[in-house]
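Each structure below is given as structure tokens.
Both of the next two complexes hold chain A, though its partner changes from chain B to chain C.
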Partner chain A sequence: MAKSSTLVTYFVGLLLLVHSGYSSYEFHKLSAITHQSSHLPIDILVETLVGIIVIVIGGFNSIENSSVLTFDGREIQPDYKYLKPIEMKDSVKLIERIGTSDYEELESRLPFIDIVGKRKKYDEWVKSHQD
Partner chain B sequence: MPDIIYPPSIQSNHQKLQRAQDIASLVLGIGAGILTLESAYGFSFYLVGITITNGMFFAVCCQNQPDKFFTNPIRDIFFEGIFSNVPGFIMMWCLVYALVKVNS
Partner chain C sequence: MSDTSIALNNFLLLGSSGAFANFEPEQLLSNHDKLEQFLLSNGDSLSTLELYSLYELQFYLALLTKHDIEAKAMLDRLVDQFGANAKSQRLKLLQSIYLEAIGKRDEALALVNKSPNELKLARRLVTFGRKADSNDNEDYISTLTYYLDLQPTDLVTWSELGHEYSKIGHYDKAIYCFKEILLQDALIYPIFYKVGLNYYYNFLQEEKNLKTERKDKLLELLNILINSRNNYLRAVEIFDDYTKAWVGIYIITQLGSFNDKLKKLGDGGIKEVKEYLEYNEKLSKLSDKRIQELAQPEEYAKILNDIKK
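Then we have the complex of A and B:
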């Protein structure tokens, strides 16, 4: 799901581009009718360039890192706004703050979980709290 | 001692760079079409535009420390994506050029 700020930036940029494109279309049509050839007006040029810059900024905005949720329910921001550090010592910091690891799948081994044992433990816990 | 590299981060960074360059090349194509640029002017417009975009990426996203995010920053950011994005640029350029210059 894209952020609303990104969508607004894209919308504004596309509006500028559509407007300048239609202006350019009208200009060329007019110069074909009047048989006068001249350069494209400077304001169309400026509007196009501004539109390009706005959309590119929107693109940069869309690649920002999103905040992550830890196991104990806190929301934390990554250290860097846009990219992820490639060095192991930096990149595992965030994973550790979340409270998991890359090998979680191997360590927890969900298919080998002892359901009966867990159930027994839980029943004992319930019993101990009923009294 | 050489630093140990974490491959998923490299992949994610490359995807983000690729996304920024995709958007930039398509929008530059639209711009070149609106300005009805022809031949070498269009391609130089693309080269200048994509280089400025890469420079912005270098300054804004890498926060001027690209060694932290790319194994070979200058090559990865400034040279690798230029030619792979030319087809997208030409597609939008031709489309918008044809729309703007229709029956004139």
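Then we have the complex of A and C:
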């Protein structure tokens, strides 16, 4: 899910770019009618540049690392605000802190789950809490 | 990122990792209730992929917490979406698990037995070798080994077989199974930890049966310990914050009575033993320091408890 601030930034940036494009189109049309040749006005150039910068800021904003929840409900902030490290020993830290790993499949072995045994264990836990 | 996205990512990770399969009942119930609430509040705003992934997770959580009607409702939604007659192994697997859970074992078996050539269903078929209410897992191990003869690259099955051997104290065979996984992917640090742990259990088993203090026997035990230590060290070499492996190393360095026996051997001039003891002292300090840095007391206690199991 994209952050709302990112969407707003993209929207504003695009709006500025579209507006500057349309202004440029109008300016060239007007120049053609009046047969006057002149440079594009500075305000249109500035608007274009500002539009590009705003979109780039939105782009950076969209790759910001978000905080995550542990399986027991604690919120964890990532170590880095932007982009992850590529060294394995660093890149697996966050997922380990959540309480799992990239190789959890080998630990959980879900396809082999003893569903009857687990439900029995759950029953025993419920009974022990009722007593 | 909003709280909704954080919670969504958390549930998706939980579902894709399958970590809930090893959750305690309390955690299962808590996650079931949270997901139920999440789906009620946010179900409409999720993409199709997210929604059905969460339905699958809720199916498992509901089944494990004995909310059978809810589990059936989730299963029906998945079947409605993806088709009851489709050749989906994943759907058949869910249906089989549901039938097994509600006591219709024969129907569950028939469902997976229809397509023995499909990998996921064949794996599930293997679990029917497991005996309910019994610690005897001989038949189950036989079916697992039979399956591995046909599918030797199936890492999850090697892991399952390793755990089953470990349960009955066949640590040497468990180590073999875990090493098979490492042969296929040499960076799986949790498996290096498992190998180290099983060597440690093997050491404890052999030490218990030790009747004499003969030099060759002690050196044999020392070799098992060195194997255990080296595998733990490989785990922390790949991921240096892996607390479990640091705890494993620390435990090995604190074997008081065995280390005393080794000291006597070392004083007798055996170089290998001397080197081991010197290295042991360094590792003891280092592992203690790393545990203090990484683990909270309750986490440390939990790891110790897991190792003692």
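As a convention for this text, the second predicted complex is superposed on the first by the 121 of 131 C-alpha atoms of A that agree within 3 Å, B and C clash if a C-alpha of one lies under 4 Å from a C-alpha of the other, contacts with A are read in each partner's own complex, and residues count from 1 in each chain.
We adopt the following convention: a contact is a pair of C-beta atoms (placed from the backbone, for glycine too) under 8 Å apart; a residue touches a chain by one contact, two chains touch by 3 or more.
The structure displayed is predicted, hence computed values, not measured ones.
Clash-free side-by-side placement of chain B and chain C is the outcome of superposition onto chain A. In the superposition on chain A, contact of A:66 is made with chain C only, not with chain B. When the shared chain is aligned, chain B comes close enough to touch A:84, but chain C does not. Once the two structures are overlaid on chain A, chain A sits at the apex of an angle of 120° toward chain B and chain C, using CA centres and rounding to a multiple of 10.
With both structures placed on the common chain, the touch criterion links A:92 to chain B and to chain C.
Once the two complexes are overlaid on the shared chain, A:25 sits against chain B while remaining clear of chain C. By the touch criterion defined above, A:117 lies against chain C but remains apart from chain B after alignment on the C-alpha atoms of chain A. Per the superposed model, the minimal spacing between any CA atom of chain B and any CA atom of chain C is 6 Å.
Residue overlap on chain A between its contacts with chain B in one complex and with chain C in the other: 88-89, 92. The part of chain A that touches chain B in the complex is made up of residues 13, 17, 20-21, 24-25, 28-29, 31-32, 40, 44-45, 48-49, 51-52, 55-56, 58-60, 62-63, 80-92.
The residues of chain B lying in touch with chain A in their complex are 3-6, 8-10, 12-13, 16, 19-20, 23-24, 27-28, 30-31, 33-36, 49, 53, 56-57, 60-63, 68-71, 96, 99-104. Partner chain C is touched in their complex by these residues of chain A: 1, 3-4, 66-73, 75, 88-89, 92-93, 96, 98-101, 103-119, 121-123, 125-126. Residue ranges of chain C in contact with chain A, taken from their complex: 1-2, 4-10, 13-14, 17-31, 34, 63-66, 93, 97, 100-101, 120, 123-124, 126-127, 130, 132, 155-157, 159-160, 163, 181, 187-191, 238-242.
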